[in-house]
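Okay, structure first, notes after.
Letters A, B, C and D mark the chains in the order given here, with residues in each chain numbered from 1 onward.
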Amino acid sequence: MFLGDVVGEPGRKAVIGQLASLRKELELDFIIVNGENAAGGRGITPKITIDLLRAGAAVVTTGDHVWDQQDIVDYFPTEPRLLRPINYPEGTPGAGWVVLETAKGKIAVIQAQGRSFIQPPLENPFVIVEDRIAKLREEGVKMIFLDFHAETTSEKIAMGWALDGKASVVVGTHTHVQTADERILPEGTGCLTDAGMCGPEHSVLGRSPESVVWRFRTGMPTRFPVAKGPVRLCGLVADIDPESGKCLSIERLNRLIDLNEGSEGA
Amino acid sequence: MFLGDVVGEPGRKAVIGQLASLRKELELDFIIVNGENAAGGRGITPKITIDLLRAGAAVVTTGDHVWDQQDIVDYFPTEPRLLRPINYPEGTPGAGWVVLETAKGKIAVIQAQGRSFIQPPLENPFVIVEDRIAKLREEGVKMIFLDFHAETTSEKIAMGWALDGKASVVVGTHTHVQTADERILPEGTGCLTDAGMCGPEHSVLGRSPESVVWRFRTGMPTRFPVAKGPVRLCGLVADIDPESGKCLSIERLNRLIDLNEGSEGA
Amino acid sequence: MFLGDVVGEPGRKAVIGQLASLRKELELDFIIVNGENAAGGRGITPKITIDLLRAGAAVVTTGDHVWDQQDIVDYFPTEPRLLRPINYPEGTPGAGWVVLETAKGKIAVIQAQGRSFIQPPLENPFVIVEDRIAKLREEGVKMIFLDFHAETTSEKIAMGWALDGKASVVVGTHTHVQTADERILPEGTGCLTDAGMCGPEHSVLGRSPESVVWRFRTGMPTRFPVAKGPVRLCGLVADIDPESGKCLSIERLNRLIDLNEGSEGA
Amino acid sequence: MFLGDVVGEPGRKAVIGQLASLRKELELDFIIVNGENAAGGRGITPKITIDLLRAGAAVVTTGDHVWDQQDIVDYFPTEPRLLRPINYPEGTPGAGWVVLETAKGKIAVIQAQGRSFIQPPLENPFVIVEDRIAKLREEGVKMIFLDFHAETTSEKIAMGWALDGKASVVVGTHTHVQTADERILPEGTGCLTDAGMCGPEHSVLGRSPESVVWRFRTGMPTRFPVAKGPVRLCGLVADIDPESGKCLSIERLNRLIDLNEGSEGA
């Protein structure tokens, strides 16, 4: 299972509170969580990373907000299950991929960042991800999961086609809105253009609507506080064949959680 | 009902072929179609506009590709049911809104274009759309539909919140991928961040996957032919209360059509 | 005379220290200073505005950094000689133009912001500035000066041509590098694509070179401290005919100032 | 000597007509010309490349418009003196650098493209250029010239500082407007933020002013014909010490040429 960008305290509480029961209900073997907005909407701290891993995440991915919290820079080399985009230049702290042993075999998780309308400019993710996957497959890793953190639908869908038959799942993140286009491409790669976020329902991407509307109306700066109220958990559940690495099924996860009461259903 | 960006000949054929049966099946009173990519993926011609209107569309909206076909410029003043974004400067050919009489009362359709990561730069859509809606409501128009053609999820969702209780439906277009976040905001405005497109399923936004992947891998220019094969029709169906203008229900429409055989279901 | 973006304490010290002697040496009647980076490189405060006006500036312009210092928002309505871009929506604090009486007649100063590669998106500056100038000329104002704060050379040069014969001087700001293309267009408008900045010579746009180079090399965030050492004062000196409003001569000003010793010459 | 972007037929005629006399007058040993806009403003053809080389250019550089003319793709591998940006992915036709023997020793010319506000996104030019220069210096090449084709002043000036003491000259291109900031950095690298273009004086970056102004005013598409009339030749003349590779002097070249009459002086 993959969960999209966790936003602020409401997103963290909902994710940490639900992971155990979701794992049971959905019979999950392996959980990946994107945590790039987990610290008040901006970045992630070492403590929050530990909390997410303890709650059941096997890997925590990030994105363009990866460096927003300063103490994460030194933490990266100590925690291989925390990923930053793989297409930073050589020498950057942290790693963009990790291979973990599971009961069903090795699983690789990769994170990359797009280059259309997203900052900073990084190296070509198509070239770097295909190279990395070629090496992983040579080493016998079959189950390969990519979190492609990118703005445009074209770049994310193109990545899915570029990796069809090479990766098990290609899921987009960053727009914080789940898309309704889950599918398995002809060669067996499961794709979803954007997983959506785990954050407050009454919001603009997790932030208070008033503040964001005011910004668009006036062009003047303001703070964008994390919104309150019920949280929507968005992500996907994929079934991967351990022998071939092909995706057998892919479903969107999309649930509204009342933090006081638990799940309200979708 | 609203149908998202119709892409090229496959998209046109599917939409024109299905409109009559969809109208019957879904008991549609009023159909709006976005046609900005209907002419080979780039713009729309007078002839295609006429074809879409004859097939049952009450209004045809466009977007950033509105001027791609040169002969549309002079056609605009002759056809008020064809819209371009309302936030072009005064004096621009065509109009950005239209009011039509229906059996259930007046319906206004407005089109606006966003300003984040989309060209050309236009006037502030929040200011202009709110002004236009205020005037429409003074004149007694209750049912108001906005096609907001914009790239980012933040700008599109913020527009929904800005118009909550003022417009009946705010639907985004432009990314060509349907989002899974249909909802009715607290004051009664139905929202969907992006309607998706009506175009070839095996594609990147309607274009051949090979060409788009090649572009991202190499950085070199190439043509992006419209893809072939089955077409996915994406859009939404909303039920609006004629008295209050509030949205009573909003559902995504998402169907795969085999052009040789008719609908394959969703 | 116009002086480009004053950057931080070094820029302020140099400008304030030199204005009186420059006025004498160059026989200046009217001095305009861009102060958008005067407060530590980010924005301007009420106190700094007052300091610049006291030192001899008749008008202080700003730009995209106008709101960086929070207390400037409430100060704007109290000081008509401080300008923000004219193409913000109606209702924005402050004004984008001012008319001042001088011994040689009325002078209007206008500030506008471009829309190519600069944030936030504002209203069309070509439309708004031409409208404003038409009204000023109806009211008999002949001497009209525009500070066009924009990124691209195309937008800035196009503004010069759009206003040829309507404005006396069109000078660009924002890139912090002076261009070498001063000229008088056929109908009498003096143009310079960018005035350059008043800031530290050993710098990248006024900031420490090490920090900016590190940012480009690594893609990782860092602080960009204002650089130290000698300051280059950049701007222009124009001679305007009070009768016709035409520009009679335009020259670049470009001087290196050792803050300990005074001017080192150009 | 370096000449900035040659625009269209007027630019070509002026450059080809003047190169021989400029070489004599300025005692030039080595001439580099940027030809990315030489073919009607868009790209360069094999024939134009040959014309520029025959007229006296030792190397022809390009930029973001490199692939605009289709037949240049296959020509690249046949002509090592024609460069495209070095930071395209491996496997791209053509090369981004060349070393030529001269009477005074080996000269390397490198071209790179920036990543701020310029398309397509390419690999990190700071990393790639520094690597290439390190190798060139290991091989004993001292005189190294970089044409850095980039939009923003910050990226171009930062490149100068990054290469101070490593390259002989770093000159920017792409904005088509010459900057007035030529200087030699502390470790001996000569820099100019933008060389400017060789194109029609009465123009916006070489194009007809009416067309560009119309585009900014209306937001509607139009053609941008190459302008007519006298041509301004912009570039720089640098004196490099063959022993150390350090820049001894750097001067802007900026001359208005009447195509019917020859040079009118600066």
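Everything below uses one rule, namely that a residue touches a chain if its C-beta (ideal position, glycine included) is under 8 Å from a C-beta of that chain, and two chains touch if they have at least 3 such contacts.
These are the chains along with the protein names UniProt gives them: A, B, C, D = TIGR00282 family metallophosphoesterase.
Since we're looking at a predicted model, the values are computed, not measured.
At the interface between chain C and chain D, over half of the residue numbers appear on both sides, which makes the contact a same-residue one. Between A-C and B-C, more C-beta contact pairs are found at A-C. The rotation relating chain A to chain D, fitted on Cα atoms, comes to 180°, given as a multiple of 5.
Chain B and chain C have Cα centroids lying 42 Å from one another. Mean C-alpha positions place chain C and chain D at a centre distance of 29 Å. In chain D, the residues that touch at least two other chains are 89, 121-122, 124, 127, 215, 217, 219. Every residue of chain A that touches chain B in the complex is listed here, in rising order: 117, 124, 126-127, 151-155, 157-159, 161-162, 175-181, 186, 193-194, 196, 202, 204-205, 209-210, 212-213, 215-217, 219, 252, 254. Within the complex formed with chain D, the chain B residues making contact are 67-68, 73, 88-89, 91-92, 120-122, 215, 217-221.
The residues of chain B lying in touch with chain C in their complex are 89-90, 115-116, 121-124, 127.
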